[in-house]
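Presented sequentially are two complexes of subunit A, the first with subunit B as partner and the second with subunit C.
And then the complex of A and B:
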């Protein structure tokens, strides 16, 4: 067995090959596969009840959905979200789509057309090489659930969310919607009313999972909604690394993603959550992510926001236990009219808690990058410390970068700092590098890599390699054009 | 108007700022008491006229500003004299006093304008600064305990080089809105706000830099004392068509048993920007810093004063303004009482 060693803040297994570099950088062309069931129409009580009936859910879950729906109908659309007026939920007609695929543990059992999609995404290879478990959600349902013997022997539970609702009702009821209640905002309520797919992970006491687990989400059609829910519970002293991957083919119209991640990190546990978001350019992406960290627990977020048309996501942590900590590393690329509204939120709700947020964004060709963050130190959280750093690189005159930090200090015995800067592409630097023999695109690429270097250093090696390739793919030609 | 009781819980969506509807209630109650008498008296300057008001900033869209517009006060034009020091006494013993003040600066000499509010009535005031193409200005405000109040400050700086500092002490709930527009010119601002006696002081800035090579550097220092809350927030933006602009928006806070809220927002609408950065931090002094200064012969109190007055001068370039700020801030700190 390969040796497990902590590295940096991500608690990564240094000498494992994660193979994330295999994720395709180009958009996947149109795909085609059969569907068994589709629930269409406007969001309504009968539609929500129909989803619950199809899923054969217990009554408490059905009631939760209906309460969330009620809240959704009453809640105001948050007006601060940029371009919110351009999002028309009525255009999303397919709110539950079950592909004509039986859930399986073997790739070869999947229909050929579905298997080909995953092979193109190199998921079977990744699973074979380095993952301890993998759940793959196609549209609204899990179609592949692989749990290796290694993970089973540790007593780790990793099953599709709807299965967990039935198999582990007490455990799921204790945590489901506890970290991110539906009353938080309109889109959280919409998610709870329509959720389908996702994964439930429970790591028992003092179990350290040396290999990462992954959940992969794929939206196959336009005008479709995906509302997966992932819940991770790390019991005392446990450790896990969770990778979330997202992808979609090239679509002619928009699709909508309103996913949710809830993490409950018990005493002295450690959860690292890595997102590689590579949606195609037609996906409107709302991703609600929040963690609660109990005493001495650590939650690390890594958010690589590459694709989508419009993304709103702020990985958040509530540091509820004394001595708990969190880090958040956010990297976003906005090019060609893409809007990335990302950031991170931390609530220090206990003494001696620490947080660190690092955000880097690159904007070009009329892209818009927004950092929206919150650091709140509640009364009584003595000796807490937080540091937030965000930087944006603007590559042309058409692009925009905005930074909206919020710092709430309700306790005076705390150290908090936030700093941010926006820089443009420095033509002097480009000229200098060209005078040393580099072509313009190479010079620009070198500058971009230099800008992002601080963040790449904090990432697991393979993730850094992948991001580096993404940068080359996205901006390699930019220098030549500009 | 206290925000006690809403500060519990750990939802990221809690609001801590002044509730506008509560302010409306205060306005209604004060109106029923009638307009405050006493008015305004000026020492060191001349009230040169009273004109109808039509100069509200384009950004005046908040409820507070709208209420002020509805109250429709006349504008008192004050020609600041040749002396450095001008004192403006504003008497609001009870009821409501809506007031617009237009300050005309004659030249580029350093001016200190000291607004002393007397009484506990509700003040809704706008201060507009004009003239002095190389203006150097220190505005002092002092508001004792009383009804919630509102102050708007507007600066327009086209083709000028300006530097301004504000030092504001308040023991009442106070909302301040500041509008600054810099067009192909340079403006540096430093705001020091001190909230005392369990009050809430909510200062919002809207700054825009436009044109060619504009420079807009704003720094704020908030001191919250004795259970008070200071909120320094705002947006500083670089226009889409601006070129080679430089904007800095920095906030510091000192909490002396108080709460501090900071939101320095930055909006950059063009890639043609030289410098755009912001920061927010709270300042705590370590035992090492105090020990070092003590080992150089300073008492603990002197060490604190030295460190704190250093913060008061951060971001201030003009030596005259810097000296004045240091002096005024030291007096305030000594009055408030410091450790040691």
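And then the complex of A and C:
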């Protein structure tokens, strides 16, 4: 498998600082701030029209919403999500929530209670030190939109999605819902009917953005739905690193996140999309992510799946242009009643395309981890190669791990490899390490770090540091001290 | 002093060691021999505290303290060390990091540790590249023994249970091992040495030899017992 690009610690993003090293891991307590407008009730035509009206949208967008709604009403609920028996949309009563906050470029303009949330999440610090741009979505609307002069001078567009709809209608129409159509599944349709918030990024030809941009999503209350839509268009020869962060406070009931990311990577461009998913344990997280890569383009997905109650996400790339490539690395933790149904999809639709998918999951205390992946090599995609590796570490008898890899190989001249393994915590290993003087929790933690080490080595250094901290916080005391 | 007092060991409800007593004083080398499957490793695991090897009867004392119920790390901190016959592989955890972590757990950290590890590895003939590879992953039999020896040297235990430390080692390795055992015994450590091979015993002089058969001590003696076994095997004892 020499054809794959192997990267060292520094090869990724050329030493770029992501600003995620010190993210807040502690659970955020309940928060409260004022709401200006709330659209509640069952999903219906009038509700969708109301959202469109509030947003003063052009007709084409309103029609898109209504078509998506029609599809949603007809489509069946996916039957293949075994552990999520029911996603009760009637429980989600607030489908559009506009906080009582004027959108601003300055942290000090935000109401104190909102600013405090962001300070706790260290967002102002990250923005000041590492990021070229930051959009912060609170409930259904972007409230902080910071774009540094550096980004403007490069001609990069980074604005809230709804503003882009009005300001760059032709550009948006060319891509919006083209990468991930609403006809894909019921929740994609629901997303298009109700979408609000999110960010639009356009990187002009041959522009290489040397600092990452970030979008941060925060759901403030229970029984709320967040349906943000982000669209990244990287023009020919451009490069950008996009960070997506998610958080929510401790909630009494569930909230529903059904966001979407569409990426269009033009010829020879490079898009890296890094997700740090740290939803609180009440969030049902349905995340739709898809990219199209044109000739020679590269799309890299990296996800640290830390929080949420249920997560269903399958970062996907369609390798449409010759010589395009993609990697997808997902690291997930499922503890307690948490279910992570994740996986990656790659469609090789052109010759000499390559993909590498890596999934590492750690399950404990009755957690469930599911890998559900698809690799399809279309007829004519000669000389293509794909390698999928998924591994789970199960820490106790109560926890489960399942693997459903699907490979459709329609071209003979292609190489596809798949490796899957599930390992249980080995008491002989624990004993060995303890016999040297490590406490049980230290021994288990050492084994967990060892399990994930080979993947972390290939990722940006800061991501590795962040994940290490997450593992320490999650499993530092696992299995008791004795 | 290590005292094993009337100890019985159960694994999955099966008794594998029955009422074994032995005593290793400071500076003493006691040899434990016995045919395959006689319970030698089970006894070693039970002394160190493997949760699957339950001491169901008797006591284990370290310097007079009853440590029978202590977890392995507490025993390690009291100076007990198990030299594993077949040390387990641990992916992604390397020897250098492990030793550093152990030193750190004991309150010692800093660059000095790394230097010490490198120098000692060189002395025991362990290639530098093995220090940063997954623990025992792809190590040859001899390399595994050298890795155990390296840890035994660095952790300076007061009491060592050495489970076939010589198997798989070349002549040079056996000599290094013998030097280490003599030196540690000379410094007052107590050593319980499990071995099949009289070769090692050409270099170190045990004060006592015990023969374990089917979990029971069947014979006790000195070097003459070793000579008898190498002539006649365990037949006379089984």
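Assume the second predicted complex is superposed on the first by the 462 of 482 C-alpha atoms of A that agree within 3 Å, B and C clash if a C-alpha of one lies under 4 Å from a C-alpha of the other, contacts with A are read in each partner's own complex, and residues count from 1 in each chain.
Convention: contacts are C-beta pairs under 8 Å (C-beta built on N, C-alpha and C of every residue); 3 or more make two chains touch, one makes a residue touch a chain.
No experiment lies behind these values; they were computed from the predicted model shown.
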* After aligning the two structures on subunit A, examine subunit B and subunit C and state clash or fit. => fit
* Structure fact -> Counting residues of subunit A touched by each of subunit B and subunit C, the higher count belongs to B
* To do: Could you tell me if A:401 is touching subunit B, subunit C, both of them or neither one (first, second, both, neither)?
  => first
* Regarding the shared-chain residue A:316, is it in contact with subunit B (first), subunit C (second), both, or neither? -> first
* Asked: Touching A:173, do we find subunit B (first), subunit C (second), both, or neither?
  -> neither
* To do: For A:420, select first, second, both or neither according to whether it touches subunit B, subunit C, the two together, or no partner.
  => first
* Asked: First (subunit B), second (subunit C), both or neither: which does A:184 touch?
  -> first
* Asked: Given the superposition on chain A, what is the angle at the CA centre of subunit A with arms to the CA centres of subunit B and subunit C, as a multiple of 10 degrees?
  -> 70
* Asked: After lining up the shared chain so the two structures overlap, which partner does A:432 touch, if you call subunit B first and subunit C second: first, second, both or neither?
  -> second
* Contacts of A:67 with subunit B and subunit C, given as first, second, both or neither -> neither
* To do: Examine A:446 and indicate which partner it touches, taking first as subunit B and second as subunit C; both and neither are also allowed.
  => second
* Structure fact -> Shortest Cα gap between subunit B and subunit C in the overlay, whole Å, is 13
* Asked: Where on subunit C does subunit A make contact in their complex?
  -> 45, 48-52, 71-73, 75-77, 81-82, 84, 87-88, 90-93, 98, 101-102, 105-106, 134-135, 151, 155
* Structure fact -> Per the touch rule above, subunit A residues touching subunit C in the complex are 426-429, 431-440, 442-443, 446-447, 449-454, 482
* To do: Provide the residue numbers of subunit A that touch subunit B in the complex, in ascending order.
  => 184-185, 316, 318, 320, 345, 347, 349, 374, 376, 378-379, 392, 394-410, 412-425
* Structure fact -> Touching subunit A in the complex, subunit B uses residues 7-8, 10-14, 16, 253, 255-273, 275-282, 284
